[in-house]
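Please read the structure below before turning to the comments.
Order of writing sets the chain letters: A, B and C. Residues in each chain are counted from 1.
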């Protein structure tokens, strides 16, 4: 008896230790790409990461070629992309936040009801839609009727992407709020509307705001739907009905143009900084505003 | 079922007439309860868990309206009008409720919490009116001295007992006709419970109080009249001292002597 | 009365989702109509020919469907060991510890990197590596795109699984430990089976994500309109062909691309449905 047990126990222990090692190893390996990517973007991007990036529009291919041939740094920046992103994402926020809030409130108040369950399922469906398909939809609904690409079309696409995220985070936040707040508010004779706007939404502000920030950070980096809707522009454009650029679109343009390739990394660096900043702020808000 | 009026019926501030509440067709949580509540009294509703006491209380300020499957029938006459036919929001300003768990609104300061009844109802007050109401309400719950210097802070740092007194102040600020209390001290420690019981005894001079309690001794300590409920029915209703010393029903006696509940 | 108006607004908002979904389906179906009329639904789906030249115009989705399936499934396969490891790390081995928070944050950041940046990294860093290692002559391939895609979906696969693992009640595991089981054995026989529904669902969801991924794949897959013969071949996915060729498309070509979009929509919707059913079924077991 004593001879059999220690042997099998040894091998079981060995397997256990191996597994532990493998879990640690593969987890570390999983994290490695992040550092590689960040390192790549920073090391290749810092050279062109200067004030010009923010203040000048993209150079034409010719100008860039001339500059490289003369050994000069490529002129220009991505101001048109920055303003474009602001315009398009800004509009998308305007469309999706009120709608998303209302739907989230409705879902949290009507749990279990058949209609609410259908809406909830469809929200998940929308969330899972590939961004390129959303691009097709916005193309069909805005670009085709208007006869041209526009910032509006891009915003429509991005707001369809943001909507499910905002609905979910609002719904989840509302669900966690203690029922007592609603009851106490109503018991004071307040209307349901007032209870929602003056008690529930303020109390759930942290979760809701975090959801919004995360939705914004998600769509900031989207390229595919914008390719089919906003198209891009080489000038700063604030007109909603005109083709507009965006940072990811510019990165794609640079990628495809051998003369502008150098600008890729500084633009990517800017994009990453914005996205990571938004994520970080979202985390802080989530921690600070715990219900 | 039985009710004995200790004074003239016409003085009743609240009258329950055959009030029934059902959660699903045919199933009643409260069965035809009739009783009169008189001004400046504390009436305790007691009984074992599940007897329908909270359900009855919440029928009075139309809280059941929140849930579509709950039906209330009968009449609840408050100051001459049937509560069940009135606008719920109006009812709730006349009958204020304090809940078991203290729940000051987390995003409002203590000051704003007291005034919440007004701000939520869109009633505008000038600075002077606001300060008067806040001071008066907090003083009537003996919280004024303790919080007057920190009124701009959120209420979350207050102790459980203080929070509950804040919630009472919030309800009192609207000057309701009747104060409905749903086990207001069961989540509190004995000292806070004591303080609140003392508070209620003071408050009855200005208000009429109905308190649901699962604690018999609390009922004995502070109430003038008691209602004993069992399985949705009002078994006995009358003067507390009388009920405790000479209960008229066997059930009541059994409950009071601890046979069940 | 104010409440009535507010409540109807809420209802209308909820109704909007219904209308939006219906409108999306309608938009996709109606514009694909031309293609399906021309080739028939199954004709289009099984045709591997994609020729936009006007003289010999012919469109079929099969090459792209195969490209999509190859890429997505292979990337899922590649990501399993890593995402499972992370899930175990966070949900079991280092559950609740500070380092788990660090790992989770890093993996979250991976999810935050936009697709186009992954594509750039894949093109400028990973591709030369593959060429050097002799995996492929010019780098572009199913393999390259699946590799980068695998990294992209690690966060999606690991976060839900990790959560489910961490939710397993301690007393369940303690029962096993008290019988002398090793940690591995508890993981194998108790934790993983208990969290099975969540783990499977998270992989299905990660698959859904992989199927719809556009930019990174477009930049790395080589963009050839034929059925890839193997991992080292180039090809195209449904998403990448749309991204590449939507630009100046019109007429039948446009309809064919939208039809591919419809197919992609159907596939991802089905995947989502399956994930939900799996969660429901296994959690009732």
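As a working rule, a contact is a pair of C-beta atoms (placed from the backbone, for glycine too) under 8 Å apart; a residue touches a chain by one contact, two chains touch by 3 or more.
Just so it is clear, the model here is predicted, and its values are computed rather than measured.
Engineer: Apart from chain A, how do the chains cluster through contacts, with nothing moved?
Structural biologist: Groups after removing chain A from the contact graph: B | C.
Engineer: Between A-C and A-B, flag the pair that has more C-beta pairs in contact.
Structural biologist: Higher contact count goes to A-C.
Engineer: Averaging each chain's C-alpha atoms to get its centre, pick out the one most distant from chain A.
Structural biologist: Measuring from the centre of chain A, the most distant chain centre belongs to B.
Engineer: Which chain is the middle one, judged by CA centres?
Structural biologist: A
Engineer: How many angstrom lie between the centres of chain B and chain C, each centre taken as the mean Cα position?
Structural biologist: The computed centroid separation for chain B versus chain C comes out at 56 Å.
Engineer: Averaging only over C-alpha atoms, locate the centres of chain A and chain C and give their separation in whole Å.
Structural biologist: 17
Engineer: What is the distance, in whole Å, between the centres of chain A and chain B, each centre taken as the mean of its C-alpha atoms?
Structural biologist: Inter-chain centre distance comes to 49 Å.
Engineer: Among the residues of chain C, pick out those that touch two or more other chains and give their numbers.
Structural biologist: none
Engineer: Could you say which residues in chain A touch two or more other chains, in rising order?
Structural biologist: 191
Engineer: In their shared complex, at which residues does chain B touch chain A?
Structural biologist: 61, 63, 66, 89-93, 96-97, 99, 101, 103, 105-107, 116-117, 119-122, 167, 170-171, 174
Engineer: Under the definition above, what is the set of chain C residues touching chain A in their complex?
Structural biologist: Where chain C meets chain A, its residues are 1-3, 6-7, 9-11, 13-14, 16-18, 20-21, 24, 27-28, 31, 81-86, 88-89, 93, 103, 106-110, 112-121, 123-125, 151, 154, 158, 182-185, 187, 205, 208, 211-215, 219, 239, 242-243, 246-247, 257-258, 261, 264-265, 268-269, 271-272, 276.
Engineer: For chain A, which residues are in contact with chain B within the complex?
Structural biologist: 178, 180-181, 183-191, 194-195, 198-199, 202-203, 205, 291
Engineer: What residues of chain A sit close enough to touch chain C in their complex?
Structural biologist: It comes out as residues 12-13, 15-16, 19-20, 22-27, 29-31, 33-34, 36-37, 40-41, 99, 102-103, 105-107, 109-110, 115-116, 118-119, 121-126, 128-133, 135-137, 139-141, 160, 163, 167, 191-193, 196, 217-218, 220-224, 227-228, 248, 251-252, 255, 264-265, 268, 271-272, 275-276, 279.
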